[in-house]
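Before any comments, here is the structure.
Going by the order they are written in, the chains are A, B, C and D; count residues from 1 in each one.
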Amino acid sequence: MSANLPVLLVVVPLLCAPLAALTRRPRPAWGVAMLAAGWAFVVSILLLSRVLAQGTISYHIGDWAPPWGIEYRIDEVNAFVVLIVSGIAAVVTPYARRSVEREIDATRIPLFYTAYVLCMAGLLGISVTGDVFNVFVFLEISSLSAYALIAQGPDRRALTASYQYLIMGSIGATFIVIGIGLMYVMTGTLNMADLAQRLPMVDANRTIPVAFAFLAVGISLKLALFPLHLWLPNAYTYAPSAVTAFIASTATKVAVYMLLRFFFTIFGAAFAFDVMHLDRVLMPLAIIAIVTMSLSAIYQVNVKRLLAYSSIAQIGYMILGISLASVTGLTAGILHLFNHALMKGGLFLAVGAVMYRTGSVRLRAMEGLGREMPWTMAAFVLAGLSLIGVPLTVGFVSKWYLVLAGLEKGWWPVAAVVLVGSLLAAIYIWKVVEVAYFRERSREEPVREAPLALLLPMWILVLANYYFGMHADLTVGVAHRAAQVLMGVAQ
Amino acid sequence: MSDRVILRIGAKVLIPFILIFALYVQFHGDFGPGGGFQAGVIFAAAFILYALVYGLENADRVLPPTVVYVCAAVGVMIYAGTGVLTLFLGGEFLDYNVLAHAPEHGQELGIMLVELGVVTTVFGVMVAVFHAFAGRGRVER
Amino acid sequence: MAGIYSFLSALLFTTLDAVDVAFTEASVGAGISTVLMLGALALVGKDCKPRTRPAILPLFVVVVTGLVLVYGTMDMPPFGNPDNPIHHHVAPRYIEDSFEETGVPNIVTSVLASYRGYDTMGETTVIFTAVVGVLLLLARGRKASGAEPGGARAIREAAGGATGGAGPVGSAPGGGPPSGGTPGRGPAGTAPGAPRQREREEEGGPSDE
Amino acid sequence: MRILGYYNYWVVIFLMMVGFYTLISRGNLVKKLVGLTVFQTSVFILYISMGKIEGGTAPIIMQGQHVVYSNPIPHVLILTGIVVGIATTAVGLSLVVRIKEAYGTIEEDEIHVQDDVL
């Protein structure tokens, strides 16, 4: 059975989804979601350890050898991404129970968890597959369920946010399909490894660069790269708290993974950077994203929106690392995938707890919360420190590698950008801290601390920020190997 | 109204044919164009026609929304369940060869099973979606 | 309009030998999606405003995208040529061996259900996801009046469930003074109208209570 | 048919861009979805065009005859694509219905105006 783990990783959640729909009662549906998340988490740990020990795993679905059948191909890169997705799911799902009961109509909760599990299964499916069209199919599973989940937010603007995301997301997906089609017409194959072999034979013509461009735009839409990020702030702001925490720490990460997979594994770093000069596009955009989006975050009065803008800036860091196109740069980018999931997950969970108690996530609602919800706000501050990049936190580790990668190439402005970004992050986090700790509350009734069911997941993520910040060798080791795998394909 | 009568009788005559056609499409998919997806849509079309002509309440009595909803979920489980079954029989996921003694029979059986899953889901989904839109309109007015 | 378009493309698919696709497009594109479109239009009304602002930027984007695609197709293998690479890798095996390997003469079916059966499972899941999404958005407990946005209703009902202590929300930590509920629930609970109102109350603080 | 050459692809691209333009320029939420449908369907035609072989027939094996079959893979992919398209349309339309109920309009500008008033 253990040989079948790669496919069971995705199929068990896929089977859990209709099961959750059939339960038709909130509690059992949540239990099924828990089962799916827990299963995925355990399997992803097993898979990562096996990949680290034995190298790439290839699983042929239906026993048809690739490129005729669909292949699941797991190397260090996607094993790591799968761990991020399932790990966040394993933490957010227990949190979701209370939070969702508060924010969503009880009759909808079973379907809510169905969509939630589908979203998770879709993201896992994108991560492990070795077939480009299969990527698209699972991308649609995760996107469609994400649209539905976001629209469940308590404000009516959740509907428009979701619609906007649907339109932008579908454009992105259609662009990706066009890109896949153009690659296919030149090579006749859809298998990633096969494509990687065959593309160099045909990449001297004009069709492949165009395929490349369409994939770049499509994926950038999905990962909310700077000028294409318009869907993200609204979607994150108006979605239910648990959904925001889950999607913010997984969906864009998987999109970044798609970028890595398509451009490094399939096209190869040499083609992407030496021929297409991807870095000349990505790097300025990443830098603009870091600076302008951090600035925008400072002016927000809604804390969720503030964190959403900060997310776009943080995606900028990942792209910056990737655009350096070196092993160190990629290590920084991949590391930040993991680290950002930890810190943003922690922050959004803390904000979700504030929502749970006060019913609002505006800055004004947080006045005086430092005393009333000490544990929640302490979690917020600690995760915020990690976002800023204070030593001993994961935020510091990824920024450290980013600066290293920049200096390695002699590009000192990269270091300056990282520094400016951290300063701006300090400002917007401070804004929340100031309101929470140094302002008297203007509300009349006091608020109580969030229940343990919310605090525990939140603190697990926050402590993980510090654990992996101090034992950085664990994550850095995996990220470094993943980066070598990605660059190694190019050699 | 006379036109309603024509409509009703017309529908009554048509629906059995549509259902038979759907079955044909479902099982003839191996040889000609067609398969689970198309058959599911046609099944759903027959039902939607019934609902349009006889009203949603009557349609609900023939096929309660719950059943439709269960169909949509069960279809996915049939498909994925087939895959899991092949795992238990010692094959890879969705490796139909292990379903029967001879690989070709296994393949045919497997394809039939998954098409069954597809038709169930598609029928359930299409009717449920139609129901969601139509039901909403009824309450609005 | 979209229905006619789908129907025409179904005809086009037939001339391009894609009978299975044509069949599906005819039943889905021209059938179901038209029914859905009409159903939705009946709900939202078809009045529509004439455009006012000029759309320079979209036009620019579209023209650029189109030109890039045309540029890309220049080096594409010519239409219908049997020597194209697409026909010489992967596909030949399906055409030559699929009948022996699966016993199904319709290659599309055998590829769909067997070779790429996993994609089809994904496809089945996609439509299942769609129905989950549609039901999440449109299905209703009949209790609330239709005009009210679901969100406010959701919050109020959740709050009601919590104070009632009946729901699994657990009565204990919901706590607070039983009269007003916790402050957070206050504004949401007292505003039966649109969330707009709720937002304003948040701005104004709980003094409204 | 050979004269068509690339002409076939260009027509598809034109259709695609019509859909894309409708999608990004229209303010009416339903029209946007119509644009999306046209856009996606055109991409399907692009795929099917790739699979066509001159003089080929539908890929259903006829025993005992040697004939040229068109490439079945694009057909399979597009079957999946159509399903994805209808799924997106369904979710999109139900969102539009909800937006109409919440805002009383489905014009993008008017929705923005309503939200800005807050």
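One rule holds for everything that comes next: a residue touches a chain if its C-beta (ideal position, glycine included) is under 8 Å from a C-beta of that chain, and two chains touch if they have at least 3 such contacts.
Everything numeric here is computed off the predicted structure, so don't read it as measured data.
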Suppose every chain is reduced to the average of its Cα atoms; which one is closest to the average of all protein Cα atoms?
C
Give the label of the chain whose average Cα location is farthest from that of chain D.
A
Across the interfaces A-D and A-B, which one involves more C-beta pairs in contact?
A-D
Whole-Å gap separating chain A and chain D, where each centre is the average of the chain's CA atoms
28
List the centre-to-centre spacing of chain A and chain B in whole Å, with centres computed as mean CA coordinates.
36
Could you please state the distance in Å, as a whole number, between where the Cα atoms of chain B are centred and where those of chain C are centred?
20
With chain centres defined as C-alpha means, what is the inter-centre distance between chain C and chain D in Å?
13
By the touch definition above, chain B meets two or more other chains at residues 31-33, 37, 69, 72-73, 76, 80, 83, 93-94, 96, 129, 132-133, 136
Got the chain D residues that touch at least 2 other chains?
20, 24, 50, 58, 60, 73-74, 77, 79-80, 83-84, 87-88, 90-91, 93-98, 102
Taking each residue of chain A in turn, which ones touch at least two of the other chains?
14, 17-18, 21, 61-62, 133, 137, 140, 144, 147-148, 151, 156-157, 159, 178, 184-185, 190
Line, ring, star, complete or other: which one describes how these chains touch?
complete
Chain D - residues contacting chain C, complex
1-2, 4-10, 13-14, 16-17, 20-21, 24-28, 30-31, 33-34, 37-38, 41, 44-45, 48-54, 56-63, 68-80, 82-91, 93-98, 100-102, 106-107, 109-110, 114, 117-118
Counting only contacts in the complex, chain D reaches chain A at residues 20, 23-24, 29, 32, 36, 39-40, 43, 46-47, 50, 73-74, 77, 80-81, 84, 87-88, 91-92, 95-96, 98-99, 102-103, 111, 115
Residues of chain B that touch chain C when the two form their complex:
29-35, 37-38, 41-42, 44-45, 48, 69, 72-73, 75-76, 79-80, 83, 93-94, 96, 103-105, 107-108, 110-111, 114-115, 117-118, 121-122, 124-126, 128-130, 132-137, 139-140
Can you name the residues of chain C that touch chain D in the complex?
1-2, 5-6, 9, 12-13, 16-21, 24-25, 28-29, 32-33, 36-37, 39-41, 43-45, 48-49, 51-52, 55, 58-59, 61-63, 65-66, 69-70, 73-74, 76, 78-82, 84, 86-87, 90-91, 94-95, 98-99, 105-108, 111-112, 116, 119-120, 122-123, 126-127, 129-131, 133-134, 137-138, 146-147, 149-150, 194, 196, 199-200
Note which residues of chain A are touching chain D in the complex, please.
133, 136-137, 140, 144, 147-148, 151, 156-157, 159-160, 162-163, 166-167, 170-171, 173-174, 177-178, 181, 184-185, 190
